[in-house]
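What follows is a structure written as C-alpha cells; I'll ask about it next.
Should a chain be cited, it is by its letter among A, B, C and D, assigned in written order, with residues numbered from 1 in that chain.
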Amino acid sequence: MNTIGKIFCFTGFGESHGTAVGGVIDGMPARVRIDLGAVQRELDRRRPGQSAVTTARKESDTVEVLSGLMDGVTTGCPIGFIIRNSDQHSGDYDHLRDAFRPSHADYTYTVKYGLRDHRGGGRSSARETATRVVAGAFARQALEQSGITIRAYTSQVGSIEVTEPYTSLDLSLVESNPVRCPDTKTAEEMERLILDVKHSGDTIGGVVTCVVKGVPVGLGDPVFGRLNARLAEAMMSINASKGFEYGMGFKGVELRGSEAIDCFVTDDDGHVHTVTNRSGGIQGGISNGEDIYFRVAFKPVATLIRDVPTIDSSGNPVVIKGKGRHDPCVVPRAVPVVEAMAAMVILDALLLNRAAKI
Amino acid sequence: MNTIGKIFCFTGFGESHGTAVGGVIDGMPARVRIDLGAVQRELDRRRPGQSAVTTARKESDTVEVLSGLMDGVTTGCPIGFIIRNSDQHSGDYDHLRDAFRPSHADYTYTVKYGLRDHRGGGRSSARETATRVVAGAFARQALEQSGITIRAYTSQVGSIEVTEPYTSLDLSLVESNPVRCPDTKTAEEMERLILDVKHSGDTIGGVVTCVVKGVPVGLGDPVFGRLNARLAEAMMSINASKGFEYGMGFKGVELRGSEAIDCFVTDDDGHVHTVTNRSGGIQGGISNGEDIYFRVAFKPVATLIRDVPTIDSSGNPVVIKGKGRHDPCVVPRAVPVVEAMAAMVILDALLLNRAAKI
Amino acid sequence: MNTIGKIFCFTGFGESHGTAVGGVIDGMPARVRIDLGAVQRELDRRRPGQSAVTTARKESDTVEVLSGLMDGVTTGCPIGFIIRNSDQHSGDYDHLRDAFRPSHADYTYTVKYGLRDHRGGGRSSARETATRVVAGAFARQALEQSGITIRAYTSQVGSIEVTEPYTSLDLSLVESNPVRCPDTKTAEEMERLILDVKHSGDTIGGVVTCVVKGVPVGLGDPVFGRLNARLAEAMMSINASKGFEYGMGFKGVELRGSEAIDCFVTDDDGHVHTVTNRSGGIQGGISNGEDIYFRVAFKPVATLIRDVPTIDSSGNPVVIKGKGRHDPCVVPRAVPVVEAMAAMVILDALLLNRAAKI
Amino acid sequence: MNTIGKIFCFTGFGESHGTAVGGVIDGMPARVRIDLGAVQRELDRRRPGQSAVTTARKESDTVEVLSGLMDGVTTGCPIGFIIRNSDQHSGDYDHLRDAFRPSHADYTYTVKYGLRDHRGGGRSSARETATRVVAGAFARQALEQSGITIRAYTSQVGSIEVTEPYTSLDLSLVESNPVRCPDTKTAEEMERLILDVKHSGDTIGGVVTCVVKGVPVGLGDPVFGRLNARLAEAMMSINASKGFEYGMGFKGVELRGSEAIDCFVTDDDGHVHTVTNRSGGIQGGISNGEDIYFRVAFKPVATLIRDVPTIDSSGNPVVIKGKGRHDPCVVPRAVPVVEAMAAMVILDALLLNRAAKI
C-alpha cells in the first residue's frame, strides 16, 4: 500500500531514520522537459529548518534522480530517485524503543507488524512526504505544459482563519511569509500564535486550502473514480490530516438547494461556464472546467516538548521526556505536500480521461 | 472505475432508467452464512417512497442473487446480483434530453463521453447506490461474524444538529423515525424542516455520522492504504457528498496538541485502551481498537420542484420545468449507503491485514 | 480475482449450475456502435451442442444486456449482462458431491474454500467462458472500428497438425467446418479423430493459433505490462490451457540469432516493416505493427465417459461413473474464447497507450 | 507497468546505462529474518562476466538496501534498494543512437514514446532483471520459512536437451557448471555449443525448467488469478522469453484424457496425493500440493557480433557494426531470474490465500 495512482503511479519507501527515503514514479508520460532545479525547489519548501515556525532539524534533502530521464526529458520509463537521510540522530530515540507515544502510530504498528522501527516514527513519520513532493513536482511539470496550475496555502491556524474566499486573495503572496498564508495580515497573527504555542512546548493544528486552475472538463470517472474521491483519498493519506471538503463542503449542508446550485452560462466565445462555483469545479465526480478547490484539516501533532505519561509495550506506565526537534504546527510545511498530492491525482485523471471515448 | 476494493472488491453497473442495476462482489470470503432476508432489509432502508421525507417514487427494489452461494453459504466465488428497475418513467425525462441541469452531471458526462444517458441522470443517478447497499450487506454479515458492527445516523439537517456525541446516544433508536436520527427530539425538528423545504419545492443538506465498533487493532496500511484514506475515498464516492472528517475532524484544528492526544491505559484484563478517542479509532492510518467514527457532509441536492433557468447543449438558454419525484433531503436514505461503504472498506482491510506478518 | 484488465476491465461471475452467469464490462469507451446480433453470434460459436464434435448439452445461451447502451451506442458506463443457465440438471451431479474427480478442481477448491459447489464443477467449469465471449465481442467491435481484426483457429488436435503457417491459410474458412480449422483437408482428419475418441469415451487435446492484424505500433508496456505477458496471462486463464507461445515460440530456441532476427525495411510509402516476423509482432513487449500471432495448448479434458477410480473427501476410494454430456475435445469451442481474451487484452493496451506521451 | 503483484508487489526502475537500477518491494510480510549475504549471492548468480559462456562485461552489482529492515528483520514497510551501474561505456552506443537494431525494442520504444534511450537498450535491456533477482531473493527467504523451495535449471540449449524429467535429476548439481544444467554430461555439450556459437559471433536460445516444492494446497484464485496464469505472466515478462508451459504442456495435447489424468490416493498419514503429476501441481488454477513445474523458452538474443543491415530512424539503410560484449546464450543467467519471478508469484499467492475463508 505504498503505491498511489492508476496510470501515473507513485511508490514510496523509506523511514525517518533509515539510510534514505525515495520512490519510483511510474507512468510518467514521455517527452516532458524536466527542470530538476524546480523539483529541488519544491523539496526545499517542505524542508525542516526553514524558519522559526518549523522544526529546527537540519536536513539538506537533496534529491538524486536515478533513471527515466535522457537529456533532461522524460523517456516514459520509470523515474527512480532517492533522498539520503542526513541528520540521523537515531540515539535520540532510544528512550522510545519500548514506549507507545500517545496519538502516534507506535502502538498500532507494533500490533500490526509484531515489531516496529522506533527511530523517529519509522515509516509513520512525515519524513516520507518528502518523496511525495518529488513525485508531485514531476507531475506538476507535466500539468503546467497542459496549462494546469496548483496552488495551496495555509487558511487557518488554530482558530485564526482567513475569512475571505481564495478568489479575493493574491495567491502569489503565499511564499512571502513563513506560514504560507497569502493574507499577510492574518499570516502575522498565525505566526505569532505558532511561536506562542512553540514556546509553551505545545502544538497547534490548521487547515490548508488548495486551488487547481486550468483543469479541462472531463477528469474523473464515475462511480468509484470520482475526482473528489481520489482527492480525498490522497489528502487523507497525508500524516495528521483529519478532514477533507471541497466546494461548499460542510458549510453547504445548511444551504437550500436553490441557494446552492451553480447556474450555467455561455461565454461570448461559446464556452460553457457556471456563474458561481459552489460545486468546487467537480460535478458528478467529473471536472467541469471551473477552479477545483478543497480544504484539508490537520490536527495539532502529538509530539510535545513536555513530559507525557503513557505505557510501554508490557502495559506498564512510563513517562516520555519531552525532547527532540519538532514542528509546533505542520501546516506551513504541509502546503507543498498537499500540492504534490493534488498534482499526482490530477495528472492521473488527465491521462485516464484519454480512454473515455473511442 | 466502477470497482472499489483490493481483496473484497465490488463492481457495480446500471443506470437510473435502464433494465436493471446490479453488481459483482468478488473476494467474498467462503463459509459465511448469508441471511438474504437481511440483505433485502438493508435494501428496503434505502428504498424510495418509505416516508413523507423521501421521494414518492415507488420502487420495489428486490435483489436477485445469481451466483456465489450454495445452501445459504458463500462459496468464495463471485456473487453476481441484479435489481430490476421497476418504475421507469423514461418519458418523464424527455424535456431534459438536451438541457444541462445545474449542479448535476449532465454537462460533465456529455463532454467526457461525447453523449449522455439523459434519463433520470443515467449512471450519475443515486440509483446505483442500491447496489452498494447489497454488497455492503454481504460484507456486513462477514463482519458481524467477527464481532464488528456498523451504525450510522443523521446527525445534522440544515442547521439542526445533534449536539451530543454518539457516545451519549442510544443508537438502537436510529430506525425509530423517518429521518434516522437517534436523538428523537431533534429528529422531530429535522423532520419538520425537511417537510417545510419539500413544500417550498426546495431541498436541504445534512450530515451522516457513522460508528464502527469491535474493530481489531491493525486494520489499514501505511502509507497510501491508511484506513482513514480508504474511508474518505469510499464516502466521497457517494453522490452529493461534499466532505469527510474522522475523530476530532475539522474542529480539532483549534486544539492544542496537549488537549488533543489520547492517553493509553491498560485494562485490568491487560488490554490496551485510550482514555479519550479524539483519534477516532485510527492512529497512523491503522485501527487502534477503539471505536472508529466519522462524519460525511451531503449537499442539498440540485433537483428542485421549481423552474430553473439553464442552457442546452448548444449553449442556448432554456428553462427546466420543476417536475418529477425527488428527495427533499437525501440524508435519511444515505444512512444505509454510508454503512454499506464502511462495511466494504472495513472487511477489505480485515482481509488485507492477514498478510501483514509471515 | 474475477477481474481482468487495467482500463478495459472485465469482471465475471457465475457457476455452471447456478441461476445465471454474467459480468460487467468496465472501461468500455463511449460512442462505439454495438451490434448485439454480432455479440450473440459470438456466443453461439461457443455454445454447446453445435455439432457432433462438441458436447450434446443444449444451452440456448442468450445474452441479456442490462446497462451501458443507449440507442445502440456505448455510453462509457459499465455494461452489465447476464446469461441465464437453461439446462441445469443439477441432479446429474449428486454422485459427485463427495468425490474428487481426478485432474479437476474439486480437491483444490474444497481445500481452499472449505467447501465447494459440486454441481458441474461450479465456478471451475468452462461455463464461465461464455461471459468472456460476450465481453470480448464488445471489445472486438471497438477494435474493428480501429481496423484491428482477430482470428483464431484449431491448428492441432492430438498429433494431427496444420503444417502450414497461418500466412498460407485462408482464414475465412475457419467457420466452414465444425473443428474450426481453415485447412479443410486436415480439418476432416481432426474431425474423424475427435469422433473416434468420443466413441471410446475418451478425450483429446489440441492447439489454437490466433492472429491479430492491424495492430498499431506501440501497444504494450515495459516491463511487466509487456503485451506478450498480458496475452499469456489471459490465455493461461482459460480452462484446460497448458501452454502459450508467440512468434517463433519454443521452436525458436533451436535457431541461431542470425537466423532469428527480423530485418527492417522501409516501404515505398515510408512505413517501416520487417521482412520476416519471427518476433510475432511484438518487440521488447510492444507491438511493432506486424501481425501478432500466438499458440495456446489445451490438454485433453479430464471428464471421461468411463468409470474412473478416485477418492472421496474422507480419503476413501470411490469410483466415479462415466456419465453426463461432455466435450471430447474442447478446442473447437475454445477458438472464440481465445479470440475474446485477445480482444480484451488488445483493446486494453490500445487505451493504455494513449497515456504514453504528454 | 513497472509493478508486478497484488499484495507482495515489486516495482522496478532503471536503465542499462543510467546511474542505477533499483526497486521497491511492497507488501513484504513483517518479521522475516533476512540474510543479505544470500540476497547478494542470488545477484552474483545473475551477474555478467561469471564464465566464458556469459558476456564479458564486468559489473560488480552490489545491492544497497535503503529501508524496510531493522536489526536484520523485515518491518512490514517497503524495502527500497539500488544497484549502481558500474560499467557504463555509454560511448559504446553512440553508433546506435539513430539506428533500429533488428528484433530489439529500438523501433517500438521510439514510436511509442517519441524518443528512446539508445544506450545499451535503456529500459528494454535485461539489465533491469538484476532488480527482480533482489526482490525475488527477499520473497524466497519468506517462502523458505514456510518450507517452499524453488529451483530452476537450463534444460535445453539449441537442440541439446535434457531428456530426463526433473524427478530423475539431482538438482543440487545446478550450480556445478556454468550452464546451470544438473545433468552434467549434457551440460558439457551445452557449454561446447555455446562456445562454438560465441566464436562465430552468433547467439543461441534455450529453455529453463523450474520446480517449486513444498507449496501448500490452495494457492491461486479463480478465474483470472489462476496460479498458472500468474506464472505465465511473470515468465513472459522476462526479456527474450517466447513461450511458457506447465505440467504436460504442449506435449500433453497429443494425449488421451485417460492417459493424462492424475489419480488421487491417500497416504498412510492421511494426506491426499496424486500418483502422477501431469497437472504440474496446479488444478483449476489452484495448487494441489504436488510439485509445481514449468518451462520457459528463451530465443537466441538479437545482439550479434557481426555486421547487421538495418534502417535508421529516417528509414534509410544503415549497417550496425558488430561490437560490444554480449551473452552468446542468455539461458544460464536467466535461471536465477526465473527463480526470482517464481518466488514473487508464489509468495503473493500465499498471502492472498489467507483471505479465502472467513
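Just so it is clear, a residue touches a chain if its C-beta (ideal position, glycine included) is under 8 Å from a C-beta of that chain, and two chains touch if they have at least 3 such contacts.
Computed from a prediction, not measured in an experiment: that's the story for all the values here.
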Set B-C beside C-D; more C-beta pairs touch across C-D
Per the C-alpha centroid definition, the whole-Å distance linking chain A and chain C comes out as 45
Here the gap between chain C and chain D, centre to centre from mean Cα coordinates and rounded to Å, is 26
Distance between the CA centroids of chain B and chain C (whole Å) is 38
Where chain A touches two or more other chains at once, the residues are 1-3, 12, 27, 30-31, 76-77, 109, 112-114, 123, 222, 352, 356-357
Among line, ring, star, complete and other, the chain touch graph is complete
Per the touch rule, the chain A residues reaching chain D in their complex are 1-3, 9, 11-15, 18-24, 26-27, 30-31, 64-68, 70, 73, 75-80, 82, 109, 112-117, 122-123
Listed in rising order, chain A residues that touch chain C in their complex are 6-8, 27, 29-32, 76-77, 142, 145-146, 222, 351-352, 354-358
Touching chain D in the complex, chain C uses residues 1-4, 12, 100, 102-105, 107-109, 111-114, 123-124, 128, 156-159, 197, 202-207, 217-218, 220-226, 228-237, 241-250, 252-266, 270, 272, 274, 278-280, 283-288, 297-304, 306, 308-311, 315-316, 352-353, 356-357
